[in-house]
Structures are given as C-alpha cells and as structure tokens.
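These are the structures in question, set out in turn.
Next, two complexes with subunit A in common: one pairs it with subunit B, the other with subunit C.
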Partner chain A sequence: MSAAVFDQIRTMASDLFGVPEERITADSSPQTLEAWDSIQHLNLVLALEEKFSVQLSPEEIEQMTNIGETAKLIESKLQATPR
Partner chain B sequence: MSPEHNPSNLRGEVECLIAEGSFDAASRRLSELWRREPGSATAGFVNSRIDQLRDRLLLDKLPLAKFKLAFLRSFTVEPIVPLLRAEAFLYGIDLEVHVSDFNTYVQDIVDAGSSLYRFAPNAVVLAVRTKDVAPDLAREFADLSPEAARQAADRVARGYEQWVTSFRQHSQAALIIHSLERPAHPSLGVLDSQSETGQSGFIRQINRELRRIAEEFHGVHILDYDALVARYGSENWHDERKWLTARLPIAADHLLHMAREWMRFLLPLTGRTAKCLAVDLDNTLWGGVIGEEGMTGIKVGPEYPCAAFQALQRVLLDLSKKGILLAVCSKNNLDDAMEALDKHPGMLLRSRHFAALRINWTDKSQNLREIAQELNIGIDSLAFLDDNPFEREQVRAALPEVTVIDLPQNPLEYAATVRDSPVFERLTLSAEDQQRTAMYAEQRQRTGAEQSFQSKEDFFRFLEQEAELDAVSDLTLARVAQLTQKTNQFNLTTRRYSEAQIAEMAKKPGWNIRSVRVRDRFGDHGLVGVAIVLDQGDQCEIDTFLLSCRVIGRTVETALLAHIAKSAAHRGCKRLVGWFLPTRKNAPARDFYSQHKFALVEQTSEGSLWSLDLTQQAVAFPAWVKLITPNGGHD
Partner chain C sequence: MAISIQPYRQEHEPAVEQFNRRLQRSSGDPDLVFSKTAIPRWLAPANHNPVWNEFFVALEGSTVRGAYGLKQEMVFVRGKGMQRVACYHHPLSEGIVDRSYASVGVLLARDALARQPFLYALGMGGYERPLPKMLKALGFSLTPIPFYFRVAHTATFLREMEALRQARWRALLMDVAAATGTGWLAIKSAQAVARLRGRPMNFVAEEVAEFSEWADDLWNQAKDSVSLAAVRDANTLRILYPPRVTNLRRLRVSRNSAAIGWAIVGERRKDPKFGKMRVGSIVDCWASPENAAAVVQAASQVLEKADVDLIVSNQSHQVWCRGLESAGFLKGPSTFLFAASRKLTELLQPLEQNRPSFHLTRADGDGLPANF
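Coming up: the complex of A and B.
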C-alpha cells in the first residue's frame, strides 16, 4: 500500500473525526474512534470519491472496516482505472 | 487570488496562522481555500478549523454572525451540512445546525416541546420529497382514479397548511419549504402531459398551493426544489445507489448546489446582502479597453463575442430592478468612459443607471470607500465586480468587508457568475426597492439644490416636505420589518424584527407601531422611518426609532419624534423614555435625545437611557414639514 494514498486518507480522517493525525493508524476503525459513526462514514465515502475521482459500490463501502482496509481499497480502485 | 498559494500550501498556512494567533488572517486564508476547492474532501478541514476559529474571532472586532438553522427532512442532509457551514463562513456567518429525525416533521412541528423548538432556530428548512409526503401520487399513480388523485393532492396541500399554521403558533422563525419535484418519468408516459389531471399536473397543483401558503403567512418562503432539480437535470441530480444505501438522493456532484440554494435564503435572512454592486468597465462591462481601442474597438452588442457583455448588462439591469444600486469603479479617462457609457449603441446600461460614478486613476479601494460614503451605505453593503485578479486581491486585502466577486476567465460565464451570487437575493420586494435607482438620481439633483441656499431653514422650506404618519398595516408590514433589519446608521436601538414579529407586536395591547413616508418637491422617498413604542402605566417607552439614511438631517426625525410624543401625551402618558444603544454604525443618532431636550436617566455599559417629562415639555413639530395622518393622527 502506497504511503501517499494512506497519508491522504489519514489527513482526511483526522479532519472528519476531529482526531490528531498521529493518533490515526491503519487499525483505526469505527470501534476505536468514537466520532466514526454512520454519518461520518458517509462523509468519508463522499470525500474519498471526490478526492480520488472514484465511485464506491455498496459492497466496497462495507469493506472499509478500518483506515488500512480503506487505503487498500482506494489503491486497488486507482490501479484498476488508469488515470 | 494570488497564484503562489496552492490549496495544500493554504492548509499549512491556515494551521500556521492559527498556531501563531493571527485569527483574522487565518479566516481569510480558510475562505480562500474554500473558494478554490469547495467540496466534500475540503469540508472536513474547513469545518474543523471554523470550530477552532469561531470563539477566537468572537473576541475580535468583526465577530461572525450567529445563525441557528434547523432541518425537518425526509432524506439524508448530513453530508450537505458541512458544505453549507463552509459556504456560510465565506459570508461571515457562524451556522449552528440542528437536524431532526427522518420523517418526524409533523410531530416536531405540532409538539410545542419538541427538540425543534428547544433548539430555538432562526430559520427552519422543511426538506421533504414527493415520494415521502405524497407516496400515492408518486408511486401508485396509475392505480388512482382521477378523483382519488385529486383528493390525495388536496390532502397533501391541506397538510402543509396545517403544519405551517401550527408552526406559526410555536415559532416566529423563518420557514423555508422545498417545493415538490415532478417525476422525471411519469407513470403514464407522454399521456401524462396531455391534461392537468396527470401525475405532474397534481404535483404542480400542490406546488401552487405552497406558493399561496407562502403569500398568506409572514416569513414563509418556498425553495423551488422542482426547478432546482430541473436546472441540473433529474438524471444527473439523483443517485439511486446512495438513496438505497444511505437515503441520500442527491448525487455527490450536486451536494454543493443544494447547499448554495439554501444560502440564497440564508443571506437575505441574516441581512448579509449587498445593497450596491460597483463594476469595473474595461473587459468587464464591455470587451477591450476604451482608452486604447476607442468607441469602435470595444465589444458590446447583440452578437458573439459582444453578446457576452450584453448578457452581463442584462443581469445588472435585473439587479437594479430589485433595488440593488449600481456604481462604476474604473481606472479610465472620464471623457472616454462617459462617451462609451452614454453613446455606444450596444450598451444596455447608461450613466443614468448608476447611482455613483468613480472614473479616475485612484486606487479602487479608495474609490469604493467614497462610493459607500456618497450612497450612505456601509462598506460591508458593497459588492465589487472586476475582471482583473490583481484589483480583486487589492480590494480584498484593503477592504475585507466588501463582497468581491471572482469573475471567471471567459466572458461568456460573466452573466451567470453575477446572477448566481447569493448576496443579491431578496425574499421580499417593496415598492421602494423597485424605485431606488431613480430616487438616488433625484437625490443627486437635491444635493445640487442644497448648495445654493442661504440657510438650512430656507432649504427645508424649498423642499416642501410631507411626512405621512400611519400605523403599521398589512400593506406596510414587510417594509417596516425590512427597515428594522437593514437600517444601521440612524437607528437608536438597532433591534431587528421579522415580519412575523412585527405582526405579532401590532396585535398586542400597549404597542404602537408608526411608519413615516416622506415626499418632497423632487419625488417620493417611500416609507423611510419607523417608531415602535410601548405604553407601560404612565410611561411610554421607545423600543425602536429609525430613519433610512436617505432622509437623515432634514428634520423628518424630529417630526416623527414630535408625533409619538404628542400621541403618548394624548393617551395620558407622563413620560417618554428611550434607550440609545451604541453600535459600530449608529453614531449619527447618538445625540438625538439630548438635542430634543431629553434628560439622561441612566448610563450603563449597554447604552444610555433618556427621558422627557411630557407634562412639562413637548417636541416642537418642524414648521416646514407638512404632517399627513390618514387615520386622524391619534390612537
């Protein structure tokens, strides 16, 4: 997983969840971050779709169980659709 | 915008400025970031920094205006809220938002103790979609007999009317109702368009009823959601996948458009609107540079590429019909510019359409200051239109209160850019608004006349002023409320009231609301002053006393005060008292009470309380003002 994508998602999550970037790791998830509720999950999806110009299907959205998985998903989407 | 600031640098700069305590600069950079990169990806950053800045800016001289907005809804609006808060921040508004549960709007409206009313909103948006409020019309239309469909439409319209009535019993907040969208694919296909009793026909009928309700209730406004969807195209607007998974019907690309549509209501409601648009000439009002290319070289006319500039001028004419003043602010030789303004055959705007002209080589921020002064409006009531990014940045830096409109590179997009700016929106339009430009032209003649008189009294006599004093009525309610919201300079207490609040007050015992309309030999100024008084025992208190800046200093204020003093004495009041509450703008009214022999009773940190003993003293009615009282004068 590339550092660039992971870092961008970490910054995004930090802004959305109101948590300092240092505290966000690949394992950060709705279980470990109080602010990561269903509304913020939707906000994260919209921000990812806009930032990386991708469309996420309902199944893909379900795969976003933590920051690491989210970064992997975006990475694979970016490779599948050469920009 | 300065090219060296790319968005990722801007984020860093905002962080840095917040860390070092430069909150004013931080908020300007944050606005710039949002203007360049508005959207869901930026909204998280902008919202979290707004939260850090809001309390700190409060301590500063230019605090954000607080506004509480509640949503009653049938769909997910949460991801749009951060976009809306960021947009509002651009206009100096600190927006606090409450979102009710899905489809609980009826309970929330009817129950006086609901979370909606506990939130005490300034405005409420009722965002309900056709398929939720009228499911039978939306989904089972083919099943309905014409009679059943008619009943369904009536039931929905009556429902809205009951909700609005109930809402008004519990709250004076503004209410913004989304109209219902018509189906993109009616269930009967093209047959649907062949009569008024099709699916679209009935939904149109409900929307007509909504407009009628809005006309009937003060402070109720319709957001034409049907037209909004049509503007962007139903197929593009909707995202079925997000609707099914997250109850979010609007596609990601259009969330910002929804937020901006709400802004068109929020700005007039918060009074953050522009009263005057100052425009540049070369490459803005026309194509090319008049000083270099001359009358035959500049581009403005009915055909491309000249048509782009005519289209912009047409939009400006529309603004002037809404009561927004136009001014010219241009670096040019006066003679060249005036010749083009008055003689070029392609021009729709002429010099008479402009309330003030600053055509010279002075810097634009100085010219804008002078325009505001000449028109007697605050700098924050000015908007500025210029094709040159350098001039825009200079004005932004020197006068952060001015609304600077960023024109795109392509002149074909000029007209739409100005048209879409929410600072020119109005929710009500008075007769005064529509005649304002003409009134300012008369004002120019009047100021000319003033200079040739020996004494002020001579001038007042020459003016032949008439002051028509009347109690507030349904016809004047909107204008009276508008004056309380917009008058800043000659305003003793600066208390802002909505139409609904004024209507409520007028019904209560002890309250008297008087308006004054002024005419003189040059024309009709319209309704320009308001006094609201409250009798409490043998004392009459002035709650509100204000006069539009157009007529300050011509003794109309004395006439209005004399009238309310006389009426109060007539009702048996022994004292007339009133507060002067100083603001950043109302210095012109500071000495009003002392000039009229009121005695100072009390001085607090808020302001000063003044009193006039009505048993011993009266306020003399100025001899040169003719008093007209349609209802006999006394209460």
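Coming up: the complex of A and C.
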C-alpha cells in the first residue's frame, strides 16, 4: 500500500469522522470509530470517488471494511486506470 | 462475504424474520421491521396495474442484512408528459445495529437508483434523520411539504397537548401564540380569522363507493395546473382506494350535479404523539385550482361531522395551501419531506419555478397503510 494514498485517505477520514489524523490507523473501522456510521460510509465513498476520480462498485464498497483495506482498494483502482 | 441484492422471494421470509428480530432486539425499536411477506400486502404486483410495490433484500449468503421497497408508479410532469418513477421506502440495514454492515445502507440506495434512476422518497421525519441525510449526500433535492392543522375541539386539543408536552406541537403553539400575540387560546380565534378570509361556497359532498369516469374527467381537466403529480385517474384511484378499504372515505364534491373535485378523508391511527385525540386527515384531493377551496371545505366539514378533535393535512401545491388557509387551517412546521433523485430533479427543472405547483399529499409515497 502506498504511503501517499494512505495519507490522503487518512486526511479525508479525519475530516469526515472528526477524529485527529494521528488516531486513524490502517485498522480503523466502523467498529473503532464512533462517527463511522452508514451515512459517513456513504460520504467516504463519495469523497473517494471525487478525490481519486474513480467509480466504486457495490462489491468494492463492501471491501471498505477499514482504512487500510480502503487504501489498498483505491490504490488498485488507480493502478488499473490508465492515466 | 459478498452482499447480493435480490428481489424478495418467499424463500427469504424466515431470514427476514430473523433480520427483524436482530434489529428489534439490538435497537429496542419495535418499528424497525421489514415486511414479513415477500408479496406486498399493499399494492401487490398484478397484471396491468399501473401502480405496485416490490421488495428487495440484501443477502449475505442466506442471511438478510438489509431490505427496501419500491413503489412503482406513473407521474405526470407538466411539459414532459407521463413518466414512470419509484418511491424508495422502508430501507433497513443491519448497519443500524452492527457497524460491520455500515456499507449496506449505501448499497441499498445505490441499488434502488440503478433499478429506477427517477427515484423519490417522501416523509422521512425531518432533515436530521439518517435517510434524508443519506439521500442528500447522494445528490437528491429535498423539499418540505407544508403541514396544516385545524383544531375542531379546542379544549380537548389543549388538554392533550399540555399532557403530552410534545416538543413539536409546543413549538407550533408557541408560533401561533407569537403570531397572534394572545397566547395559546388564540388558536380558535386565529382559525376564525383565517376562515373569514374564505367565502361560503356552493357545493355538495357525497360519499362514493368507488371512483368512476367522472374522476377521469377531473384528472384530465386539472392535470395541467400541476407541475408534478402521481397519476390520479379513475383506474389508479380504484387501486389505491378500493371499495374494500373502509377506513378511508371517498368524497365526490359537486356543484349543480357536476363533479368539481374529490377528496379522501380518514381518521389517523392512534399515535402516542396525539394522545387520546381523534385526528382526522385530508389525505388526498384533486380539483381544478378554482375548486380546490371548495373541496377543502367539503372534506373539513365531513371530518368535523365525524367528531374528530383535530384535522391535519400535508399539501405541496400553493392552490391547495391557500384553500386550507381559507378554510381556517393554520400552518405548522413540517417534517414531511420530498426527496427527488438527481435524474428526477433534472426532469422537474426549472425546480424553483415548478416546486410551488407540485401536487404531493399524504397519499403519495408509502404512507397510506402505515397511517390509516
């Protein structure tokens, strides 16, 4: 997982969930972050799609079980997308 | 395991029952239940019916993790003609009680949009509730549908409201008090003043068993006065308000024997927020603009004769709002919202110009069986 993508997602999650960046790790998930409910999950999906110019399928949305998995997913989408 | 969203079939019923139990047990909310039956009790799909309900379940293996309903119907959009749309209703997700399923709510909403891009939701209980927040994030436009009330029995109303101490109603009464400057007991006089602005009208209201051709004539005569309305021709009305439905009364309003409009009135189910009060509702109505006030008066009179304590109505069209005001109704804060998907919003452009003539009532959406 690239540090650059992870850092960008961590910043995004920090803004969305109202949690300091240093508290957000690869393992941060809806179970560990109080503000990560279904609405914030949607907001995270929409923010990722806008920031990285990607479209997330239902299967990919399900893979976003924590920040680390989300970063891996976005990275693989970026690698698959011709730039 | 992957989530797959499929039409709700009979074989899913036991899993839906378990899903309901998990939601109720963990949330303590008895209202968090999805339909126990795969075939909708209200508006089950049938050959050639223009309006029907269909349900979908989100499955993880054989376990249900979410569900939602679509009410498929035809609407008239001025300048664009007829359009099939769907009402997104009763979305329920395991994410409400288990954060591992936080993604299910998004999957349900996106699945509904993929099935019907011209999607709307109605009601929802106010801007701060989760569903309107989610729909707003998905680009839906949100519009409150004005709420009106008229107190028929002031003493009962004040006693019940005082006993209930309902924040929403107290706020509403405070608004009335502020507007009149004379306190809560000014309700009756405020209504009387409002009613004086109206004028006595010549009409006859009769209860009918079902809608027939005269309703088609009214639909055709009046539909160009609205920018958006669910189809209310005789065929659709017979499906929505069949003769076997006895808790809703079908009123034909006429002048000199010619039909000028119709209304559906009924008594709302007992609801803790209304205490012991009997609450009548002008559920649905239709007429040309010049006859809207007469239909409101007719419907109100029928409900008053039925001895209700309070009459309520949600109406979005400015003509019907004026009709309610001229019949002595007061406007209260509304938590009844209309949310239109991006595609539907595009169809309704120019939105600011068209919004005041949307014809949306309590009969739209999915509220009929739940509230009456």
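Methods note: the second predicted complex is superposed on the first by the 83 of 83 C-alpha atoms of A that agree within 3 Å, B and C clash if a C-alpha of one lies under 4 Å from a C-alpha of the other, contacts with A are read in each partner's own complex, and residues count from 1 in each chain.
In this section, a residue touches a chain if its C-beta (ideal position, glycine included) is under 8 Å from a C-beta of that chain, and two chains touch if they have at least 3 such contacts.
Everything numeric in this text was worked out from a predicted model, so none of it was measured.
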Looking at the overlay, does A:Leu78 come into contact with subunit B only (first), subunit C only (second), both, or neither?
-> neither
Where does A:Val54 make contact in the superposed view: on subunit B (first), on subunit C (second), on both, or on neither?
-> neither
Once the shared chain is lined up, is A:Met64 touching subunit B (first), subunit C (second), both, or neither of them?
-> second
Can A:Ile39 be said to touch subunit B (first), subunit C (second), both, or neither?
-> both
Who does A:Pro30 touch here: subunit B (first), subunit C (second), both, or neither?
-> second
Subunit A contact set shared between subunit B and subunit C covers 39, 42-43, 46, 58, 61
Complex interface listing, subunit A residues touching subunit C | 29-31, 36-43, 45-46, 58-59, 61-62, 64-65
Parts of subunit A lying in touch with subunit B, wherever the complex brings them together = 12, 15-16, 18, 39, 42-43, 46-51, 57-58, 61
Name, in rising order, each residue of subunit B that touches subunit A in their complex.
-> 39-41, 43-45, 47-48, 76, 78-79, 82, 241, 244-246, 248, 252, 255
Of all residues in subunit C, which touch subunit A in the complex?
-> 2-3, 5, 93, 95-96, 99-100, 102-107, 109-111, 130, 133-134, 137-138
